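Some structures are shown below for you to check.
Both complexes below contain chain A, partnered by chain B and then by chain C.
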Partner chain A sequence: MYLFIEQSLNGLAVGSIYALITLGLALVYGILGVLHVAHAGIYTVGAYIGYGVYACTGSLVMAILVGMVACSCLGVLIERFIYFPLLKFPPYVPLISSIALFMGMEEFCRLVAGPSVRTFSLELPFPELKFLDIVISPTLTGIFAISATIFLVLWFITTKTELGLAMRATSQDMDIASSVGIDGHRIIDIIFILGSAIAAVAGILVGIYYNEVYPAMGTVPAYKSLALIVVGGLGSVQGAVIAALLLGIAETLLIGYANIPLPRDALAFIAMIAVLLWRPQGLFGKGA
Partner chain B sequence: MSSYVITVSIFIVIQAIVAYGLNIIVGYAGQISLGHAAFFGIGAYSAALLSTRAGMVFWVAAPLVMLITGGIGLILGLPSLRVRADFLAITTIGINFIVEALFLYVPFFGGALGIGGIPRVRFMGLRLFGTSYLGLCLLCLGAVILVSWWFTKCWAGLACMALGEDETAASSMGISPVRFKLLAFVIGTAMAGLGGALYAHQMRFIAPSDFGFPVSVMILSLIVLGGMGTLWGPLIGAIILGALPEIFRPFTEYRMLLYGVILLIMIRFQPSGLLGEDSIIRKILKKYWTGGNDEK
Partner chain C sequence: MRNDRAILQISDLSKHFGGLKAVERVSFDLLEGEILGLLGPNGAGKTTCFNMISGIYKPTSGSILFHKKRTDGLSPHQMARMGIGRTFQIVRPFATMTVLENIIISLGLQNYQTIGRSSKKWFTPTTRQKAMEILEQVSLCGLAFKKAGILPLGDLRRLEIGRALALKPELLLLDESFSGLRHEKISEMEKLILSLVKKGISVLLIEHNMKVAMKLCHRVVVLDHGRKLAEGTPEDIASDTRVIEAYLGKGGSAYYATSSE
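Up next, the complex of A and B:
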């Protein structure tokens, strides 16, 4: 029983990390309609910057902050110079550009930092929690605390502030939103800044959780998070987060208890195809 | 010709065959597919299984492989093509990952070790390899190009292209979107199956990683580079992207980076490809042919 609960908590941690990656993707899809595969590239770059800064300064706070700022700039550059000029073309054009960009970013990381796995060994400065016989390691506590904070802040921004209202208006109809005085382009910038900064945090957390940072670490999340935004309902941020948490738990439990002949990474896509057949608008999407 | 050049040419021709299949799905019918390597793999695996386990000769197996691949394309296309364009892109990525995982984890397909000992193609008692196999591949490529050309002229092809341009307008003319998209999907995947069969008999050993998602991206890059929906685009793309890594052999470290950068620059500044509408090459050619006068 305790093992089961500990496994579920591990799954929840994996799910929280998936959710952090998927958030940015869902936000970008909601506003631009672009499948932002290169988001996982930003996540990889974030992990490397975090690792580098931590190795130089020894400060985790510095590592996270520098990673967030650098990735925000990168995200805005990508949006300004690649996605925005391509919006007038059919949706596959920005998608292919995004895949190409992702390949380029992965290769860039490999060439700069080398192909080998870097170990990112440190304990997050959080307390170890104990209930009865269940022990939650500092790393898990840290992941839960950081991701819960990010979810809450994001939820607050999107639902309670004027900025959030402007964001929702822009994602519904950019032209009408701009006619009532919302600077749509600035809103898009803000969304890329938010999404990319969160991706950087996710990259650093993954690096710490699995104790490794390597060039291809973004490949599986890149496509898994695509499946997750479909399962959650394209453009629905809450749906994507819930789908990510569920997937993390399901994967961990299935690996632990069921002997399925498929790798865990195929599970997301099987879930996605099942959802598409049964409920094409996604678990939490509205309308058909 | 040295055997090195011949081997490289064979791979270019096989890639072109697979790319022509994708061109029908993406270029003509406008259905974005990012899982084409899955069908390439299904073709290669069925060819390998038919020849090693069932002892079938290539000439019987090849049509059967195309039927199998096209049939699986039909089954997988049925649910996928009902969803919107963005969903289709993600669904086909999913299909690619699942198919690769099946090849890797089901013992029947040889697992991570793949399938080896695939015999060479025999023709009238002669084993085809090198130049003669290149000839066979070129014949197949010719047939595929002919089918593509016919597809742009026949009624079903025109219907598909109308769907690709504007689905609502086309269906108001009485064109059933699902039926014609499926037709394009089946023809395209069958071509990928043929390419897969040729690949299996050339390599004589296949493994799941030969048909992963990066291969799908590479095939898509070929037609983006050459010009989507053009008759000669996939061939030009296959020649350029097939020859580049060989020419840039000394820079093999930077090969994937180069790939990404070329694709990115191409799609950013010339989304219609080298031979597509209002591309640089087409403009230059037009100028050359019309002697500098754009009008008449």
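Up next, the complex of A and C:
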């Protein structure tokens, strides 16, 4: 029983990180209708910047802050110079450029930091929690605390504030939103800033959780987060987050309990295919 | 020559799309408190004119002055902030939001400009109160908490006007607000527009329905093939043979002249 709970908690941590990556993708898809594959590239760059800053300064807070700021700038640059000019073309044009950009960013990391795996070994400075015999490690506590904070802040921004209202309006109809005084460009910038900053945090957390940072670390999350926004129901941010949490738990439990000789990621994709066969519009999508 | 009471002055406005001259050297003034009709057959360039005034298109040449300030080339959200509200020919509500939320989005106008203000809560008793007042003006109070997507066309047209009104506009651009409406809905809409003008809002409206336009407008500008064909009071326009020809083709003028006598 304790093993089951610990496994579930590990799964929830993995799921939270998936959710952090997927958030940006879901937000960008919601507003531009672009499948932002390069988001996983931003995540990789974020992890490397975090690793680099931590190696230089020894300060985790600094690492996360610099990573967030740098990735926000990167995200806005990608939006301004690549997606926005390509929006007038059919959706596969920005998609292809996004894939190219993702590969470019991976290779760039390989060039700058080398192809080898960097070990990112530290524990997050959070307390160890104990309930009965269940021990939650500091890193796990940290991941829960950080992702829960991000989800709450984002939920507050999108549902309660004027900015959130403007974001919802812009993602529904940018022309109409601008006719009532909303600067659509600024809203898009803000979305890229938020999404990319969160991706940087996700990259750093993954680096710490698995103790490693390497150039291709974004590849599997890129596919998974794409699948997750479809499973969650395209355009639904809550759907994507819930799908991500479920996936994290499901894949960890499947690995732990089902004796299936398949790698973790294969199980994850089989699970997602099953969901899509059952609900093609996704878990929280509107009726097909 | 130009009128001092003009709130909107259009001079030599042109918009070309490649070789197509959608609007070619059109000029007119809109006076304060006036209802000016923009008429013309399909493809005459009326909506293109609207889109230039509201900032969606940048004019190829010519100038637009709103309160004596040049506004051509500004973007739509800047125009909305200057006090120009508009509706669209094809109604486009924020379909998954409620009618009330649709209005509240417009009420946020002043808050979208700075980060500090846009982090305020959007749903407060005051905004709700203000939004309900606007819904009352456009008689949609009963539908406040319905999703906008399920409303019939007439209500959606009034919702769009409400959304524009929430901007506290000085000038309202109405793009075919009467089209597709049943007879009794048309007279409701006429009453609504007249009540807005009484409150001091100037109105520029595109209208297909000649009868409505002639009844409502103080003055009328007729476009044809992107050019201004005529300008004047509805009575002048109705008897202008060039206008009749543009609408009915040559030969139509003879028919119109005899049937309207």
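General observations
To be clear about the criterion, the second predicted complex is superposed on the first by the 286 of 288 C-alpha atoms of A that agree within 3 Å, B and C clash if a C-alpha of one lies under 4 Å from a C-alpha of the other, contacts with A are read in each partner's own complex, and residues count from 1 in each chain.
Following the convention adopted for this analysis, contacts are C-beta pairs under 8 Å (C-beta built on N, C-alpha and C of every residue); 3 or more make two chains touch, one makes a residue touch a chain.
All of these numbers come straight from a predicted model, not from anything done at the bench.
On the shared subunit chain A, the superposed partners chain B and chain C are arranged side by side without overlap.
Of the two partner chains, neither chain B nor chain C is touched by A:58.
In the superposed model, A:114 lies in contact with neither chain B nor chain C. In the superposition on chain A, A:164 makes contact with chain C only, not with chain B. Residue contacts after overlaying the shared chain place A:180 against chain C, while chain B stays out of touching range. In the superposition on chain A, A:89 makes contact with chain B only, not with chain C. Using C-alpha centres, the superposed arrangement gives chain A a vertex angle toward chain B and chain C of 90 degrees, stated as a multiple of 10.
In the superposed model, A:104 lies in contact with chain B only, and not with chain C.
In the superposition on chain A, A:125 makes contact with neither chain B nor chain C. Per the superposed model, the minimal spacing between any CA atom of chain B and any CA atom of chain C is 15 Å. Residue ranges of chain C in contact with chain A, taken from their complex: 54, 56, 75-77, 80-81, 85-86, 88, 92, 94-97, 101, 104-106, 108-109, 111-113, 115, 117-123, 163-164, 166-167. Residue ranges on chain A touching chain C, taken from their complex, read 157, 160-166, 168-169, 172-173, 175-184.
By the touch criterion stated above, chain A contacts chain B in their complex at residues 29, 33, 35, 82, 85-86, 89-93, 95-97, 99-104, 106-108, 111, 223, 226-227, 230, 234, 261-263, 265-266, 269-270, 272-273, 276-277, 280.
The touching residues of chain B, when paired with chain A in their complex, are 26, 30, 32, 34, 79, 82-83, 85-87, 89-91, 93-95, 97-98, 101-102, 104-106, 213, 217, 220-221, 224, 253-254, 256-257, 259-261, 263-264, 267-268, 271.
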